[in-house]
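Structures for review follow.
Look at the two complexes coming up: subunit A is in both, with subunit B in one and subunit C in the other.
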Partner chain A sequence: MRTLRKKHVISRALLTLVALIILLPVVLTALYSFFSPEEIKAFMETRGNYDASVWMEIKLAPRVFSLSQYYNILIEDVSVLRLLCNSAMYTVAILLGQALVIPAMAYALSRFKFRGRDAIFFIVIMLMLLPFQVTMVPNVLTLRAMGLLNTAWAVILPTCFAPFYIFLVRQFMVGLPREILEAAEVDGAGTFRCFIHVALPVCRPILGAAVALSFADCWNLVEQPLTYLAGQTQLMPLSVMFNQLTENPSGVEFAGAALYILPALLIYLYFQKDILSGIQLTELK
Partner chain B sequence: MFTRKRSALLYLLPGLIGLTLFYIVPFIGGIYYSLTDGSYKNAFVGLQNYINIWKNEMFLLGLKNTLELSLICTPLVWALSFIVAVLLNRLKPGGSFFRNSILMPYLMPSSAMLLIWLVLFDYGGVINRLVTSLGLMRVSWLEGAALRVPVILMFVWKNLGFAVVIFLAALQSIPEPLYEYARLEGAGFFRQAFSITLPMVVPSAFLVFVLSWINAFKIFKEVYFIGGAYPDEAVYTLQNYMNNMFGKLNYQNVTTAAYSFAIIVFIIFGALFFMQKRLQDRLN
Partner chain C sequence: MKLKKYAIRGLIIFAVVVALCMFFSGTIRTITTAKVKLLTPRQGKFSEQVELTGKVVFPAAEPVKLENAQGVSLTVTSVKVQPGSEVEEGDVLFTAEIADYEKNMDTLRQSYNEAAGQLADLERKNANLRLRPTDEAWAKAYTALAEAQNVELDARVTRDALLAVEGLKAENGALPEGASEELTEAWAAHDTAAQALKEAEAAMETAERYNISETARAYIVDRQKYEQQMKDYEGQMVDLRALRSTLQSVTAPDDGYITEVNVKAGETFDASGPAYAFSPEKEDPVLRIDTSKTTLTISRGTDVTFDSARGGTAEGSVDSTGVTVSGDTYADVELSSRMIRDLGGSIAMLAEDIPVRVSYRSNDNTTLLPSSAVRGAGDDRYVYTVQQTQSAFGVNSLVTQKQSVTVLAEAEGTVSVAEDLSYMQIAYMEDREIGENTTVMEYVN
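Here is the complex of A and B:
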């Protein structure tokens, strides 16, 4: 019993180290957002000094606790806020589109029997493996022909059909016990009622997980806006523009980063149980 | 199981239309692009584009870097996530704090996190303080070949959690009596690990490997954020090459490079699936 407990001490210590490494960048970003712009600007300017006798300070507390970075971003100069709104717009639109398409398709691919079903699923898996660039050029031409290139739709539409989430939700639905849906069918429910009132509620964990993971993708879009929105700066999401903003530091970047992280953090906290149980219950094999 | 075909089609149709329009047709259309010369007449040139691109130094550099980076990242994520999952599994029912924090980086936007990574990896930054405290020389992480280290660490930081969650799910589904029985039979920790844990997690281990490899192949954001469109040649990935060719409107090169890469990807994953099937059959 004693050795068992000792082992746990080692596990705990190792895991604490891992958790610390995982949390540190996020915590530091949040911390630095409460420094005054002047202090953080001076701090950032000590970077890139290749004198071997000089170190950057390790800053763990601001000289004065200050909200002026936030004041600057939220009230004085709203350019970051506008980009953040773009990101939010893409994310909401893509998630809505996926909600309409993906569960229905996963339902068809898991609870129906028809010819070609396995072929379609195989294609979904193949598409999942493909790097974005394979379909990039033809997509640009298709979107241009549809008159959508360089509009927000060019980013939104193709992303609504992300194969990975079809795969994920389908795998979960395959694992659902047959009795649940059959019971509803015996009671006279059609496929649509089964879908809305039985399948979807039962799939809550994987749907939550899919929303959270897909949110992460949308919030972090880089390749799609770079190719489909070439040069349209006013349409770009924050993910693409952020590092350009930080090239000439003005001392408010950390508040920008913190505001950018915050929605992702809230989504994560809200859905974390779903992510864990969703993946746990999915037949990912 | 429903067999009514018409209603199946109804659920399938919206998704199928989108997949066809934005994935399948472009995939097939791309083959055409990679076989023509891109001039006004768009003449058919056979495999000439492929022959040219396999002689193109920048393409080969990008391909080499993408393969190398993914071959470093994938095993790293795979092994680390297995270790963390085993540790977490031993802590049950405690350890929920660790379990909850592990997946958080997956949702963090890379560009927002970059700022703090640049501070930590600075020549006078915290990482170098740790390095010198181990008695080693400082490294300029953000230049030259050393740039690979922050890129890889950013990738591992972000992608570890997802792999841990999959492994953890597999570990938790192993029935406890199996271990009790093994202990009664006198099996030690390692014997248990190799005879029970390992065979039981093979399917998940395979999945983690494939998913992390897919992600590692797509490694680009981290490189783009640190190095821009033309980063140091140690981290110039295939995606950099394709995006730059795209910027120069050289569509033939983009698609030819993309298909060359896709063929490699399909061969690798095809071989992996085949191996997994063999392994699974042997274990059963």
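Here is the complex of A and C:
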């Protein structure tokens, strides 16, 4: 028992240390957002211009506590908010699209037997394994042919079909007890009713996990907007424009980052239990 | 469940804050941002009319002393002129009398009589004394020696005084290098006087060999002394009488203007100081305008309009400029006789300051700005230029930049600066205080 406790202490200490290291960027982001823009600008300009022989300075307290960064973002120049709205718009639209496509497809692949089902599932797995760079060019060609390139739909539509979440939900649905659906059918429920009123409520944990994970994906879109929205800066999400913020220090990077983190953090808090239970359930299968 | 509630509330609050900020940011920005007027400076010749004051000055005026009345106390009986009076040669300026003239005259007469009496006594005492030719020769040598000594003394004093003034020293009896012409002449005069003294001393030495008796010697010396005294008193009486005649009417030496009168009727006057100042007519008076109170660079040719105390108006132009000993700048406008007449005469013009309107127009094109656009004081003058900056997201805003300027001239409402700012936009008439790197908005309408 003592040895076990000792092991726990050591492992907890190590985990705490790792957690602190992982959290450090988030904490620093929050801390630096209260520095004045001038101070943070000066600090950022020291990047790439440091003496390797001495420890790099890490500022832990501002000279003057300031809300100027937030004021600049929220009042002075609401460009960041516009981009944040773009991000929210893409995220909501993609999640809605995925809500229509993914559960239905996963249900079909898990419950129905039809010719070509395995082939379709194989394609889904293949697409899941292929990196974005491989499918990028065909996507561009297709979108151009459809006249959707450089429009918001170019980002929304391809992302609605997310192979990973199809696979995830399908695997969960495969494990559902057949008796539940058969009982519903005996009670007179049709296929659609079984899907809506039986399968989806049962799949709620995995759907919650999928929504949370997909939210993170959509919130952090970079390659898709850069590829499909070339030159359309007004349509870009904040995740893409952050690159410009850090290239030309404007003194509001950290407040922007803090605001950017906040919705993702709240979504994670909302779906925290679903994520954990969904992953656990998937593992049990 | 609690966590979910908090998360949902947080998301709703976040969304509301974002929405409110986007909705009201423009309004808040409009309220909190300084509004300015923007101006593209124009190039032009700076012209301005400024009100200054001037005084009539006679540049050629010289103080006049009554040289023949030095050391004499005078009582002024009447003054015929005042500052600014135009006079002709021979015009009476003032009359004066020598204070205690009769008393002084009596004293001199008494001294003269006393010396004459002593000389008569001497002649009577030495009535039996017959001077031989050798005695006469000795007397002549004695007189010559006394005169030569006086002349040499005067010449030596003059020379040594000039040496002291010029900071030179005579070494080995030679004229030092760097001596002025005056000193050289004084040096030569002393050499001549010293030579004459030597000759007189030699003559006296020769005369001493004549075996002159003590009685004759004393007689000759005393007689010469009394004769000299009588001569001096007589001369003083003549001078006093002549001075009295002169002072009965002090007249103008030439045609011209009396610029200053230092005598007052009924008061005594110390003749060691100047009695009046006189400017010859050929030298015109000038109106000296005090330009130290304006930043305009008044130069030759600038038009000037001025009024006299009596209501007359005249036009002229600046003929010259200068700086007084105290560092104040001035501009002179020559006044012709006609202008002086138009302005009520020189007496009226001299009586008080004359208001002057100076119509300034610069010779070169400069940048003209409204006064409110040029800030700072002294040598640190600047304007705020406005530059368009673009944020990382492409949003344009106007930001002020400090731009130092050199002010050439400044008058009510307009400032002339040396720098060419025609390619810039200048911020002015702000609704609140602005500084460098301040984000501003332009007034609309």
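Things to note:
Rule of thumb we're sticking to: the second predicted complex is superposed on the first by the 275 of 285 C-alpha atoms of A that agree within 3 Å, B and C clash if a C-alpha of one lies under 4 Å from a C-alpha of the other, contacts with A are read in each partner's own complex, and residues count from 1 in each chain.
Basically, contacts are C-beta pairs under 8 Å (C-beta built on N, C-alpha and C of every residue); 3 or more make two chains touch, one makes a residue touch a chain.
All values reported here derive from a predicted model rather than from experimental measurement.
Annotation for the three-chain superposition on subunit A: subunit B and subunit C fit side by side.
By the document's definition of touching, neither partner reaches A:Ala183: not subunit B, not subunit C. Within the superposed three-chain model, A:Thr233 lies in touch with subunit C and out of touch with subunit B [touch as defined at top].
Of the two partner chains placed by superposition, only subunit C is touched by A:Ile75; subunit B is not. By the document's definition of touching, neither partner reaches A:Val64: not subunit B, not subunit C. Look at A:Ala42: by the touch rule set out above, it reaches neither subunit B nor subunit C.
Annotation for subunit A, partner touching more residues between subunit B and subunit C: B. With both structures placed on the common chain, the touch criterion links A:Ile120 to subunit B but leaves subunit C unconnected. For the superposed model, the angle subtended at the Cα centre of subunit A by subunit B and subunit C works out to 110 degrees in steps of 10.
Of the two partner chains, subunit B and subunit C are each touched by A:Gln272.
This overlay, made by fitting chain A, leaves subunit B and subunit C with a least C-alpha separation of 13 Å.
On subunit A, the patch touched by subunit B and the patch touched by subunit C overlap at residues 267, 272. In the complex of the two chains, the subunit C residues touching subunit A come out as 3-4, 6-8, 10-11, 14, 17-18, 21-22, 25, 28-29, 32, 391-395, 397, 439.
Within the complex, the subunit B residues that touch subunit A are 1-5, 7-9, 11-12, 14-16, 18-19, 21-27, 29-30, 33, 84, 87-88, 90-91, 95, 97-120, 122-126, 129, 138, 140, 157, 160-161, 165-166, 168-169, 172-173, 203-204, 206-207, 214, 217-218, 220-221, 224-225, 238-239, 242-243, 246-247, 251, 254-255, 257-259, 261-262, 265-266, 269. Across the complex, subunit A meets subunit B through its residues 7-8, 11-12, 14-16, 18-19, 21-23, 25-26, 28-29, 32, 44, 46-50, 52, 54-56, 58, 100-102, 104-105, 107-109, 111-114, 120, 123-124, 126-139, 141-142, 157-158, 160-161, 163, 166, 178, 185, 190-192, 195, 212-213, 215-216, 219-220, 222-223, 226-227, 230, 238-240, 242-243, 246, 253-254, 256-258, 260-261, 264-265, 267-268, 272, 275-276, 279-280, 284-285. Across the complex, subunit A meets subunit C through its residues 74-85, 233, 241, 244-245, 247-248, 250, 262-263, 266-267, 269-270, 272.
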